[in-house]
Amino acid sequence: MALMNLITTINHTLDRAMDQDDRVVVFGEDVGVEGGVFRATVGLQEKYGDKRCFDTPLAESAIVGTAVGMALNGLRPVAEIQFSGFVYPAFNQIISHVARMRNRTRGQRYLPMVIRMPHGGGIKALEHHSESLDTFLGHIPGLKVVTPSTPYDAKGLLLAAIQDDDPVIFLEPSKIYRAFRQEVPEEDYTIPLGKAKVVKSGSDLTVVSWGAYVHEVLKAAQILQDEGIDAEVIDLRTISPIDRETILESVKKTGRFAVVHEAAKSFGPGAELIALVNEGAFLYLEAPPTRMAGFDITIPLPREEHHYFLDASRIAAGLRRVAQF
Amino acid sequence: MLIHERIELIRDYGAPGGPMLQIMDEHGAVRRPELVPSLAEEKWLELYKAMVLTRAADDKALQLQRQGRMLTYAPNTGQEAAQVGPAAAMEKNDWLVPAFRELGAWLYRGIPLKTVYLYWYGNEYGSHFPEGVRVLPIAVPIGTQLHHAVGIAMASSIKGEKDVTVAYIGDGGTSTGDFNEALNFAGVFNAPVVFIVQNNQYAISVPRKKQTKAESLAQKAVAAGIPGIVVDGNDLMAMYAATKEAVERARRGEGPTLIEAYTYRLGAHTTSDDPTKYREDSEVEQWKLRDPLRRMKAYLIDQGLWSDEQDAGLYEQYGAYALEVFRQVEAEGEPKVADLFQYTYKEMPAHLREQYEEYVRYLEGKVE
Amino acid sequence: MALMNLITTINHTLDRAMDQDDRVVVFGEDVGVEGGVFRATVGLQEKYGDKRCFDTPLAESAIVGTAVGMALNGLRPVAEIQFSGFVYPAFNQIISHVARMRNRTRGQRYLPMVIRMPHGGGIKALEHHSESLDTFLGHIPGLKVVTPSTPYDAKGLLLAAIQDDDPVIFLEPSKIYRAFRQEVPEEDYTIPLGKAKVVKSGSDLTVVSWGAYVHEVLKAAQILQDEGIDAEVIDLRTISPIDRETILESVKKTGRFAVVHEAAKSFGPGAELIALVNEGAFLYLEAPPTRMAGFDITIPLPREEHHYFLDASRIAAGLRRVAQF
Amino acid sequence: MLIHERIELIRDYGAPGGPMLQIMDEHGAVRRPELVPSLAEEKWLELYKAMVLTRAADDKALQLQRQGRMLTYAPNTGQEAAQVGPAAAMEKNDWLVPAFRELGAWLYRGIPLKTVYLYWYGNEYGSHFPEGVRVLPIAVPIGTQLHHAVGIAMASSIKGEKDVTVAYIGDGGTSTGDFNEALNFAGVFNAPVVFIVQNNQYAISVPRKKQTKAESLAQKAVAAGIPGIVVDGNDLMAMYAATKEAVERARRGEGPTLIEAYTYRLGAHTTSDDPTKYREDSEVEQWKLRDPLRRMKAYLIDQGLWSDEQDAGLYEQYGAYALEVFRQVEAEGEPKVADLFQYTYKEMPAHLREQYEEYVRYLEGKVE
């Protein structure tokens, strides 16, 4: 067991995966010599050589597309996109090929590949460095979309992603890369993809969130707890496919539902969660299912980005309305 | 036209506006005997037959489409040499990465005609190939396939394997960002890959001249610092020879090559297209004289290996075979409904299983 | 007034727009000499010359990106993407620039441009020729996303789109390009963007749809009508921003809500509509708001695509459940 | 290195591995007097001063960033000539389309330093320029801006206007598909646009050699059939002269040009970057000797137009000015909350107005 933050855990986990399986190769912009702009891949090229961990030219479509080719020819590529805002050039590959190769070939060819990227805002960065892709990626059949909220989960989910025979997009909340440390076991373990986790059980309302926002939601839940409102908090962990069972079970118990996310509200991931709660637990609902989300704007530059984020107090205010409806 | 670096065989070719690599002329006469690949004579007959099969299968598909039995179909007529030549120059374990107009190459590399017809018949099983056939499915989004080719080739070198990847694209495809990114990656990683541009002079209605100001498409290799060459795409010998050289170069670790196969689409873009809207018949007539089958036939007859009578019979025989294959396709019946749902993921997730089951119930009339 | 189908109406409308305003330029793959693979631009190059209607090389990112530049330099470009499935290479331009230029420059620079494309399935085409982009595009703040269901609407909406000072994505349901003809006035008129239309009023439930599906929904409504169920049918017309007012007003009246769309269900546009109905009319709901949508799969090739589509009978079955809940 | 076609001025340059266009050497000595642009001598002094201002503003930004007052900043030191030279070669109505590392060009084209600082201070008003300044905002997604440049240039020709567009990109940016697509469009449409690649030898940590196998970046023009040239990017005279020629060529309707400005980033990629991780100090020291300011200063002193004393004072004065400007930026206070919402569309749609109003109520403590 070692105390690790999120980024060192990613690094450790990639190391473990490469050590276990020669087919795992890691690449992207600045991933090799420099070890990644966030240091996620530091030391890997030294340890495994530049055939297994290497820098690429600046071309995201090519990064994802060559990963497809490698996966077709027996490797298990783990590609890094430097920031989620730079994955758009690769959307054609992701939508048209990554997500479809298995279905297109009626199961004959498949793509055991992972695309990792820092995700979301909160790091006071330039434009395009703070994007939330939950909806774009969640809406693509054939992908699994995963995001951890803690170092412990990150290791288990990332190992599971690399071992998965389907393509996985692994969204790393960059805001909490170095926010806190946690005990992470040295030995390997996986956390099944597609399973949400109840991170705080409660009886008065169900709140679903994921990634960096889980921590704000937990703070908000604490505020409410002090007021006598007992929220159940679920960390979605896999954005797609969604673990409906865990959510519906909770909503059937609490009768109230809220989802909290960073992405813009309209056509956002919260809409999907509200729809599935309607489909699966409508008659249990004692209050309107509610979403707290980013405004329908481009996430602002650092001077104003604090307005965009929901902090514990704003989340608490929203949850209170749901609880007291 | 400028060629950045030339593969050995063709040191004399590629001057600006100058000749391209041609071994056999339009009449089937060998103009560069010293460049004729050392293949057994029967091999040339075999390759010729592969081109005739391609032509017959193509014509049959068009005919069936006109009868309303086949869906949209993209014909290959005129481009057979640019397809069969490279396919024949590959080794058994080499990979072929198609664009979408390479019938001759697919058949030669082992995709059954039935599978090809299934594809154009609108069935996903048209992308399911026999075990061991190292060919990717058609890539409809132009340009995207080249990244796959480079990735496959990089994987071969990472694994220390000697397989080479041959990838196709059209003249229109050379304008995509993906084309350039892929060539650049191939150069940087010295990937064992050969890019073949079938320059058939049109991207649907857009003529080659409006696609780029570059004098040749081969010169696009210069941007990636890799060799490029223009080859007479209607000359089977030249296509074979150039690809062979490029493939072996790649296998020896000498990196990627771009081959522009200078050819012509004699037919329509697809069966939905009417080429008279954008090109002159006279142009088409000119190109018919350069038909790759015609000149190879002349060569074989000249060599005493073939005759006009044998030839007519062959085309008929292949046509009949193609029809028979298509009948099998028609006889296949509907694919299973389960197929719609079960290949999106390795295991069907809960929400998809529910959609599937609900739909089956609907089909069974259990829901109304 | 002339009887026109959808594709001839698009052609007529582009002609009108080019005639009215020299700044309107029309381009894309095969748009010039050939007049478009669906013939949407036929005759325009002859009439307005090849400076105002022209073929481009095969590069969607460039098509959209040059349109951005033209809009910045005083033109009103109308770019065609040959099929919606080929717009993915341009997503980077659309998300990062088309949708953001006005906000980025605090209103100083803006993009009066339209991106037109055939949309959706039902034409027995190859893979990638039948894509539904509602969610992808709807989730991008800064875009307007419009889709007509009739020739009459197409003219009014397309003219409004071309005259709009914000970028508009104009999705043309290719399935109904030639499905039927309608009287379309010669003189020019616009239909305001952002306004849905009640195409059949009713009192028992509210059904929202758009594009080609409007016609199936109307057929389904007729089936129900015969059974004594009176559905109100709303044609959304603008997918984003959504006309909440019209929808909520209807739901408050009927107490029941269904949305019918072609795009895949999960994270689909129906989720957004259900969420906003929850937000705005929860207490009026007498049944769970319901979505009928595409399966969460890649739209199948022609042999199986009929399974993917909702026909009037399947829609009627779903609506009946909502009405009888 | 191969150059496909050369702009007139530089017919002698661009041979493989050969020299690049240089007018003034590293010591400020004019080596090609016949190529010195015919500018008034005071003009050279003015351009030199523009480079010093750029350097001083850059240094100040770095210093402020280290004090925690500025956010991430991307320095320009070493690249001033590649920025000021082209900017000065443009006419008043010409358009400048930046990448993100062209401080010298922005200032010269009329963007106030305050606006630039606002940008790096994390404020959208950093992309709001004075009326009439034909410069686009920074484009962070690498490569995307070139399409805008081509579109602007195409619009100029469609409208029959004579304005030329000058666009920037980095060496890393030449690997993007967008770079190639844009060059190809420019060629096909004969767009009046000049592409300047600031080849500063690195894309963050990735050295130029790993970015492409091409011997030069200028040769990437060959793929699009347009002229390309390598210029000493640290030679103000050469950058001015080459750009001037390319711009006037474009204005005369002779189409686009690609200029590779061969230069070096003396500082870090941004203030978040530590270049010692990926390059040797000795390399940096070598390049310091080729500093564009140093050689221009030597030239001016040699010409009797300038002195060391004047020089020291100038840098100090600009530094003080930059600090003063930054203080104004800091004093600006918070942007309005309404600004967050009101520029997404021309008119705020209902749902956004509601979000805005609800948030304002929250801020006013009216919601809890």
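By letter and in written order, the chains are A, B, C and D; residue numbering begins at 1 in each of them.
As a working rule, contacts are C-beta pairs under 8 Å (C-beta built on N, C-alpha and C of every residue); 3 or more make two chains touch, one makes a residue touch a chain.
Just so you know, these numbers come straight off a predicted model, no measurement behind them.
Two chain pairs, B-C and C-D, are compared here, and C-D has more C-beta pairs in contact (counted per touch definition above). Distance from the centre of chain B peaks at D, each centre being the average of the chain's Cα atoms.
Distance between chain centres (mean CA atoms), chain A to chain D: 36 Å. The centroid of the Cα atoms in chain C and the matching centroid in chain D are 40 Å apart. Here the CA centre of chain A is 31 Å from the CA centre of chain C.
Residue positions 57, 59, 61-62, 85, 88-89, 92, 96, 103-104, 127-128, 141-142, 241-242, 266, 296-298 of chain A each touch two or more of the other chains.
For chain D, residues that reach two or more other chains under the stated contact definition are 124, 140-141, 175-178, 181, 184, 188, 210-212, 339, 344, 351-352.
Within the complex formed with chain C, the chain B residues making contact are 71-72, 121-124, 126, 140-143, 172-173, 175-178, 203-206, 210-212, 272-273, 277-278, 334-335, 337, 339-341, 344, 351-352, 355-356, 359, 362, 367-368.
Every residue of chain C that touches chain D in the complex is listed here, in rising order: 25, 51-52, 56-57, 59, 61-62, 64-75, 77, 89, 92-93, 96-97, 102-110, 141-142, 144, 164-166, 194, 241-242, 244-245. Against chain B, the residues of chain C that register as touching in their complex are 29-30, 33-35, 37, 55, 57-59, 61-62, 85-86, 88-89, 124-129, 265-266, 295-298, 300-305, 307-308, 314, 317, 320.
Those residues of chain C whose C-beta lies close enough to touch chain A in the complex are 61, 85, 88-89, 91-92, 95-96, 99-100, 103-104, 127-128, 135-136, 138-139, 141-142, 240-242, 263-264, 266-272, 274-275, 278-279, 282-283, 287-291, 296-298. Residues of chain B that touch chain D in their complex: 2, 4, 175-181, 184, 187-188, 190, 210-215, 219-220, 222-226, 255.
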